[in-house]
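Right after this note come the structures.
Two complexes follow with chain A in common, the first pairing it with chain B and the second with chain C.
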Partner chain A sequence: MGKLVLHTVPAVLVILLVIAPFIIALIRLSEASEVGIFEAISNLDNRYQTNGAVGFTLKLSAISTLSTVSIGLPLAWWMGRYHWPAHSIIRAILTTPFVVPSMVATIGFISLLGPQSWLAENFNLKLWHTMTAIVIAHTWYNVALVVRLVEPAIARLDPSLEESARLLPGGNKAWKRALRLWWPVVRLNLAAAATLTFVFSFTSFALVRHLGGPGMYNMERAMAERPFTGIIGVGAVDSEIVLAFGVIQLVILTAALWLLTEFQQRGKTWLPLATEKSTRLQLPKTKHQKLLMGSALAAATAPLYFTIKGSFSVAGNFSFEAWQTAFSSSHDFALIQPLINTLRFAILTVIIAVPLAWLAANSVSTLENEKGWSARYARVLDVMVMAPFALSAVMVGYGILIGLSHLSNSLLLVWWLPLIAHLIIALPFAMRVILPAMRSLDPSYLEAARTLGASQLKVIFKVHIPLLRGPLIVAAILAFAVSLGEFGATWLLWNTPDWTTLPVLIDRAYSRPYDPIARSIAHVAASLLLITTLTLFITAEKFRMTGQEGEF
Partner chain B sequence: MLEVKNATVSFSGKLILDAVNLSVGDSEIVALLGPSGCGKTTLLRYIAGLEKGSGGEVLIAGKDVSNLPPEKRSVGMVFQNLALFPHLDVAGNLAFGMVIPEAEKIAEMLGIVNLAGFQERKIETLSGGEGQRVALARSLLAEPTILLLDEPLASLDEDLKLALAEDVRKILKDRGITAIHVTHDRQVAKKISDRIIEMSEVTQAED
Partner chain C sequence: MKINKTIWLTLTILLAAPLSGCLGPGGNEGSDNSEPAYKVTVLTYDVFALSDSMLSDFTNRTGIEVEIIKVDDSGTVLARALQTKDNPIADVIVGIDNSFLQVALDNELFTNLYNAKIPELHVEATTPYSGNFVVPYDWGRVCINYDTTFVDGENVTAPTSLWDFTNDTWEGKVVVQNPRTSSPGRSFMLATVDYFANDADDSTDFTDWWSAMKANDVIVTDGWTEAYETHYSGGYGQWYDGFVGNANAVVSYCHSPGVEAFYGDNWTTSVALTLDRASFLQVEYAGIAKGAAHPIDALVFIDEMLATGVQSTISTTNFMYPADVNYTLPSENGYLYHTGVPNQDSSLTAEEIGAGIDEWLNQWDSAMA
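Presenting the complex of A and B:
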């Protein structure tokens, strides 16, 4: 009975939190739009609000992916192949962008590529409100992902394999070894990184909204900026658009995630950890590699540098005014309350999401090796917890906004509404850290505990949790960081100033182009988020265990 | 003391144990001998309740424990990889098996297994032989009715293996513990046991 409850709780909670609101939202959208799903999709290109959005989204994602792979692969190769001076610091710098909240990156790129930026003024670089600006930002974000996933595979390869290849006719030339040795080593990790890059670029919102400007809409942005969605009577067009985009997005993201799972199952070393046994070579004394690596490091840090620099500048002059104003309670964009809100949501996300992820991971890892219904249930539960990966943040927001309002309108005003979105988005990240660690845990520890007379509870608290301490801490940090930077769903759900989080405040402050202090306060908020996230990221790395197959 | 009747276990359609029968007397030490993959470990896991068979029963001291979970069978097990908890020190590992942990009992048991003063040692600092002794001590402190030893000496070098087998036998005999020791090493089997049973005598399963 106890076991049944233990294994049922995560499924029930995931259904209540994720699946049910999303299904209710789809039904409601269908009712409000007054047309069927196929008609809604076929109408997309006939509407000025959505004309070309699907094609633009696919094009943007494909170009971003190509650009990311083209830059990320050589960097991953250099990092995996050679031992650089201060290697771990270089890797930390190159992989940091991936954990930077989207609104912070947006601020950084506006400062870097905007009309009054250093690049625009000194090099006459006019990238503002172009697709190129968004591709550059996507590439900056996701190169970190390629390095993170591909570099360890290169660094971990047993050197004797390459040595023996050199002595055989099939590998006696560099191109032969590249084709027959290195490509098989990296291809699955690279494919996984490319798929994830596509997914993240496909669901990009903050970067498209701010860097793309008024005329550039991908599907995520076109869905998010529909204020009457789900309202029967006045919201027919908005509902139709969201319904059509939501379904297209679901299909494409599900296919991409299915691909990702395939790569995951075929290659055991995909998404490996930062700690590994190094087999790197001494760096050859060529200047061009060092120059290129130096440029990559400058590119990785530039948006972050400009984010922080902007917090000390008001109307182009060096000043502490933004920091002082940000922490005074009288200003419109005072940071104290949004900071409290952000921390409150993040702490609650950790408190709820990590135990829930542990419960779900425990059910999946325990039941997946059993026969019949238990194994099937484990697979379904795994997919259910991962489902939010197939939904963009905006769709998660709509699921809550429309799905829950269908149950009761009063729910739309409860303070914890955005918390549900944070939980849904953080849960699969936490699960993807805990589940592989749980799977790799030697079962004899738990069996030994049981043969020593330990009860189920004693096994959980005295053996299971202490042995998984590292992954649990990493999952908690990740859930905290995800909640801290969450923008799309929170922005959509934003209803009262009590719900303003730092990313939402940055968006609102940056939407006031005439107010220089507001923009500088946005930089202050972004700097706070950036410093906190980086501290968390460095802390998480310390808790990763060698051999632990964490996935993020 | 222990009776196994018609134990049947299969994995993925492959029969590992086919109606195995085994009987072990009170305070008797039995060595179960057989090549790798013949089902020795599976039989121990079946007795401990870690493996659910498709048929058969296990009786300990005349009581049918077939439907009891491992923690309620009063069966101790020393695993091949020892399964010493890496997050606990030696004393923590020993205390894990005790209902009420007592420092004196832990010290006494460490003395018995020739590891006096090892209470605060980290698991990763133990040598192979020391690890075996800690694993044995941990299982003994749980005061099991039957002790199952799953090739715990397999990874040791020949001299140490035989010396330790002698020590283990002495400890078990001094305490009157009923035990089954699984091994593929005939020398060790002879050294440790009162009786050797070939796995092929008790099972008809094919490898």
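Presenting the complex of A and C:
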């Protein structure tokens, strides 16, 4: 009985929180749009903003993925093969961008590539409002992912394998070893990183909105500004568009995520591993390598540097005014309340999402090894928790705006409504960290504890939590960071000052006329987000379990 | 038994956490005992006239607490009001303009205002609609502004017809806003509907002009700020970071050059293009939501928006003409002097707009696709 409840609770919560709002929203969208889904999809090409948006989204994601892989793979190779001075610091710098909130990156790249930027004025680089600018930003974000996922695979391979390969006719040349030894080693991890890059580029919103300029719409941006979505009688066109994009997005992202789980399943290592340290070569690096690694480090930090620098400048002059105004209470863009809101959402996201992910991971890892319905149930629960990965943040926002709040108007004003979006978006991240750790837990510990007569509660507190301490902390930090940087859904829902988070405030500062200091305050907000995220990221690194480097 | 304890513990943690007082915002949950006796909830967008000082002054004088629900733009104000019309989230709805007014009236969003203290109004403010369900609080004309450093009278002369903007001279040099996401954009689109329906040529309508503009690389932004600050060469955006200045004509207000002069010591290179029927008289309204929880307090708030305090300052806080006939744009620093006034505005009534807007927006979408 107790077991039944234990395994039912996560499913019920996930259905209520994640699945139900989305299904109600889809029903509501079909009601409000006056045409069927196929007509809705074919109509996309006859309208401003939506015409070509699917093609542009695919093109942007594909080019971003190619660019990310071609820069990320060499970096991962150098990091995995060679020992660099301050190796872990270099790795931290290269992998930091992945956890930087999207609005911070946006601010960083506006300062880096904007019309009055240092690059534009000194090198006449006019990348502002071009697709190239977005591709650069996507690459900056996701190179971190490639390094994070691929480097460990390279670093952990037993060097004696390569020695043996040298002696064989099939491996006596470098290109033969690359093809026959290294490619199979990195292939699956690289494919996983490429798929994730594709997914993140596919649902990119803040960067496209601000770097893309007029007329440049990916699906996410084209469906975001549709205020009449879901309103019967008035919102037919808006609903039709969101429905069409929502379905296309669901299909493409589900396929991508299915690929990802395939890669990760097959990617479980079968090659003999060495410990990481022993395999890195202590060889002198060529000048080229040093130069390129130096440029990579500079590129990884430049947008962050310009973000902070911009907070000390008002209308082009050095000044502390933005920081002073931001922390005074009188200005419209005063930061204290939005900062509190942001932290409140982030803390609550951790408090709720991590236990829920733990419950769900516990059910999945326990039941998946049983037979028949239990295993199927585990699979379904796993998929349900991961479902938000196949929805963009804007779509999650619509799920809540027209799905959940359709149940009761008064929900539109409760201070915790955006929290639901944060939970939905953070849950799969927390789950992805906790579940593998849970799976790798030796069941004999739990059996021993039970044999010794420990209650379930005791097992949890004396065995589970101590053994999973690292992953739980990493999951908590990840959930916190995801909530901290969440933009698309919170922006879509935004109704009251209680919901103004720092990313939303940054966006508003850029649509506010007649106010130069608003933009400098946006830099202050971005700097605060950045500093918080970096602190968390450095903390998380300390708690990663060995062998978990290939995860998020 | 023991397992159940675990579950209860987990559930308690899960459920108690969001309710815990230390994390919730203090004092503004609806149902607690601290609910003020007099209260009004206002649904609006970034209307600058509703400044913090105006609101706290209002509360001090009347004892009525004001809660603001602020959304991104005027379209979203209407959307939220429609979405919640059976159980309104706000007592007062501020910021729906005449392009969307009829949709709001058709959906019976408002209650009659027969007790409001309405001053004598500018005739422009009552032209599109003069009924009792909403009251205008400000107005202005939307038209094209151009930069006289580009339109120098020698190489480029001032356009005498909207068709001039489809010439090579203006290729890629005109910036407009998407009428689905911007109220000036919507207003200007409506002006073009009227302009091309009443011009000498019966073989073309507004969609032909928009197609020609698209072919001439017109720049379309989501909102006014990006169009004016980032792209328009003749505005204050040139002093700001992020300025591109690749457009020499922009859809803005006929009084925008006046605002430029007001802040620029009576200096501006921007001029309003006041062709007949090529400007749209935009009026912004306030009204009380049907089924409002606090109708009396709401009425006091509406009165406040039409009282001297707000009306006398709206030209420099919200940068629009006041509705009250006793006030207008100030002549200080050339505000009034640089404001363009066309001989004839486009002449669509709120009713005509209500009947046509859905179709026109769809036609615009396909013309620009």
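Here is the rule we use: the second predicted complex is superposed on the first by the 535 of 552 C-alpha atoms of A that agree within 3 Å, B and C clash if a C-alpha of one lies under 4 Å from a C-alpha of the other, contacts with A are read in each partner's own complex, and residues count from 1 in each chain.
Convention: a residue touches a chain if its C-beta (ideal position, glycine included) is under 8 Å from a C-beta of that chain, and two chains touch if they have at least 3 such contacts.
The model shown is predicted, which means the values in this text are computed figures rather than measured ones.
The wider contact with chain A, measured as residues touched, comes from C rather than the other of chain B and chain C.
In the superposition on chain A, A:D45 makes contact with chain C only, while chain B stays out of contact range.
In the superposition on chain A, contact is made by A:I460 with chain C only, not with chain B.
Contact with chain C, but none with chain B, is seen for A:I351 once the two complexes are overlaid on the shared chain.
When the two complexes are overlaid on their common chain A, residue A:A449 makes contact with chain B while staying clear of chain C. In the superposition on chain A, A:R469 makes contact with chain B only, while chain C stays out of contact range. Judged by the touch definition given at the top, the superposed model places A:G235 against chain C, while chain B stays out of reach. Under the contact criterion defined above, the residues of chain A that touch both chain B in one complex and chain C in the other are 455. Remark: chain A residues 2-3, 5-6, 9, 13, 45-49, 51, 110, 114-116, 128-129, 214-215, 225, 227-228, 230-231, 233-235, 237, 315-316, 330, 332, 341, 344, 347-348, 351-352, 355-356, 359, 402, 405, 409-410, 412-416, 419, 455-457, 460, 494-498, 510-514, 516, 519 touch chain C in the complex.
Within the complex formed with chain A, the residues of chain B that make contact are 45, 48-50, 69-72, 74-77, 79, 81, 83, 85-88, 96-97, 99, 138-139, 142, 144, 148.
Residues 1-7, 9-11, 13-14, 17-18, 23-25, 28-30, 46, 52, 68-73, 75-76, 78-80, 82-84, 86-89, 103, 107, 175, 178, 180-181, 219-226, 228-229, 231, 236, 239-244, 358, 361-362, 364-369 of chain C touch chain A in their complex.
Against chain B, in their complex, chain A makes its touches with residues 442, 444-445, 447-455, 462-463, 466-467, 469.
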